[in-house]
Amino acid sequence: MDSPWDELTLAFSRTSMFPFFDIAHYLVSVMALKRQPGAVAVAWKNPLSSWFTAMLHCFGGGILSCVLLAEPPLRFLANNTNILLASSIWYITFFCPCDLVSQGYSFLPVQLLAAGMKEVTRTWKIVGGVTHANTYYKNGWIVMIAVGWARGAGGSIITNFEQLVKGSWKPEANEWLKMSYPAKVTLLGSVIFTFQHTKHLAVSRHNLMFLYTMFLVATKITMMITETATVPFALFEDALSRMLFGWQQQFTPCEKKSETKSSFNGTGSSTSKPIAVASDTVKKKHTKKT
Amino acid sequence: MDSPWDELTLAFSRTSMFPFFDIAHYLVSVMALKRQPGAVAVAWKNPLSSWFTAMLHCFGGGILSCVLLAEPPLRFLANNTNILLASSIWYITFFCPCDLVSQGYSFLPVQLLAAGMKEVTRTWKIVGGVTHANTYYKNGWIVMIAVGWARGAGGSIITNFEQLVKGSWKPEANEWLKMSYPAKVTLLGSVIFTFQHTKHLAVSRHNLMFLYTMFLVATKITMMITETATVPFALFEDALSRMLFGWQQQFTPCEKKSETKSSFNGTGSSTSKPIAVASDTVKKKHTKKT
Amino acid sequence: MDSPWDELTLAFSRTSMFPFFDIAHYLVSVMALKRQPGAVAVAWKNPLSSWFTAMLHCFGGGILSCVLLAEPPLRFLANNTNILLASSIWYITFFCPCDLVSQGYSFLPVQLLAAGMKEVTRTWKIVGGVTHANTYYKNGWIVMIAVGWARGAGGSIITNFEQLVKGSWKPEANEWLKMSYPAKVTLLGSVIFTFQHTKHLAVSRHNLMFLYTMFLVATKITMMITETATVPFALFEDALSRMLFGWQQQFTPCEKKSETKSSFNGTGSSTSKPIAVASDTVKKKHTKKT
């Protein structure tokens, strides 16, 4: 335990998120909100609505995990310090004279630093969600995965839902039909930490936190520098989906046409056709019977 | 108590839902999901979203009753066995080679058997919801009716809500303005079992469960064989609505025109006209006064 | 304490809302529902949906505060007396022969009396919400403000949400982008009573309740008689918003054009342009670097 590596990872896993990493998370979230079209106009016309939206962007994951576990969604409001911190960052971001914050944030090194620190908070949120869900359900590992995922990446779901309620919903930006990269990587991390917590993974937690955080920061920064949205483990995904869902495409020529067609064009009508035909035959059978 | 009828109903009311009736319920729910247009394409493009939708179809009623009683909506995920059972049924339904499950399900006897067993689970859900709500509110019989109804027929509400969030909402298919047959019959059963639970109905529970389940299965199967969506107690409904809401149509000629018109065409503008007129007179009165 | 003023306010603060003020609140809420286009037709075609909407209009604030504090939203159904009272008022309002209730309500003095009594219930709701939230979070004054606000003015949010689910959503009527007068005045009262509860306001509660209620009733009745929707404290609002958010419009000529433009026309594109430009320069920088 007293090898330098263990000491490093242990010290890393004990760093507190409160002052600086939280500030980075709030800054990235509020800047993402400000870049939405019309957000600045809303902040000038109705500051309260803009402040509420900013709070949802900053604390969305915690709110979603509270909702999923039937805890008060207002609990995040009880932490006055974080609220005032996020509110002040929202204030200087939207109402700073000469828009200094946006101009300072528009430089890449600042963005890289803030994004990297935000990814660090993601690890802490996942671990917190998994351990918190374990206090409710002893061996409900599905719940642990879900809560860790919600606390780590649920902010986008909450903000999508808020846009839906506000009427400014963009259906091409929803999280349901196409998982974004943060959602995927958070799901991976939630699964990993759940298995570590249920002792199915023989790795000490602080090592896992260090490695997963390094992976998060490295992928995020590389994706930001080389402005590509290509997920680094697309190959792994393809293999997995082919193994799970695609294997009958080789072995079963009987359904190959319709299945692949329906999997490529979004209709699925070709696959639901045999069912309709069958039910028609059923109808005929009964019109004969009666 | 040891009459053969009582023994039969008692044994029936003690049958466990777990392995077989739950499987039938999951199968019917997942097949209903698969027959939606585009569901197969979604399952091929984004299996996770399809799995989530299938879980909502299978456990929607329990989730809604949990939300209404402020219990964790994730509780259904804590029951690992049922989750794995429903997931495997979802998997073989959507990804079975040659689409064997759909073809087997397209035969009417299989559909009748599965639908009948699903109706049996409905009774168990209603009774469970009523008794569960009674543990919260001692004499809150309205809550008991609502929770029993939600657990028995809330799945459609949850799935409608999920379609709304996903943007694929069909407003002609919503449960709000027009109650479907399952919603009506579940409401009836919830009222009956609530009155039985509050001792206003002098029938033993197992007899009531047997009779109500027989009624559910008989009506469902007859509706499936003679492919009619006509509710068998439409006459009862008409009489009730006429007695409650329609009686002034005979006795009050003063409102007959507008009320009946507004009850037939969906506008209701004719009825809201007198109010507008009255408020106009009020306005005139005050323009005079000032 | 035995000055006549204190005796008056103390007696006022001890008056029970139950029979008469609640009736006035239900009457105003149900009449507001009935004046919506098509509400009468819905009540005739599907009474259950109309009853559910009426209950949401009557108990919306309590439901929202229950949701925010993770209490059962069905708790309002456990109070059978109030439910039956509101249901009977909904019944006679929608199905009374000759539409007597609407015609009687269309006279201005009746409207003034009912509206004034409804405003009295608003004070009681705010105080109840603040004290109830204080039992959860000792010094979470933000939560107290939010819960008092939700219980006092949350009905409109709930009803908007219900219209959204029912598909009859009117995006120009939403509460998010433009706070209505009740929402503003309820927020003010919630802040005042929270500060009084946390001893930051050296006023006895019954005096504050009396004064705030008088203010509510006076402003409401004046707004109804002189049919103006102008908020009486618009000047105060302008001063506050200018002090908080508008001050850089005088001192910072650098951003004056874009900010004021984006604050007047709803696009905000002009303000988000510098960011886009900056990121473009960043892109150029890296295309050079690579």
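All chains are identified by letter, namely A, B and C, in their written order; residue positions are counted from 1 within each chain.
FYI, a contact is a pair of C-beta atoms (placed from the backbone, for glycine too) under 8 Å apart; a residue touches a chain by one contact, two chains touch by 3 or more.
Model, not experiment: these values are computed from the prediction.
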Homomeric contact chain A-chain C: same or different residue positions, threshold half | different
Angle (degrees, nearest 5) of the CA superposition of chain A onto chain B = 120
When the centre of a chain is set as the mean of its C-alpha atoms, what distance in Å lies between chain A and chain C?
-> 33
Residue numbers of chain A (touch at least two other chains) = 70, 164
Partner chain A, residues of chain C touching it in the complex = 67-70, 133, 136-137, 139-143, 146-147, 160-161, 164, 169, 171, 174, 176-179, 241, 244-245, 248, 251-252, 254-255, 259, 262-263, 265-269, 271-272, 274-275, 278-279, 282-283, 285-286, 290
Quick one: in the complex, what on chain B touches chain A?
-> 34-35, 37-49, 66, 70-74, 77-78, 80, 83, 95-99, 102-103, 106-108, 164-167, 225-227
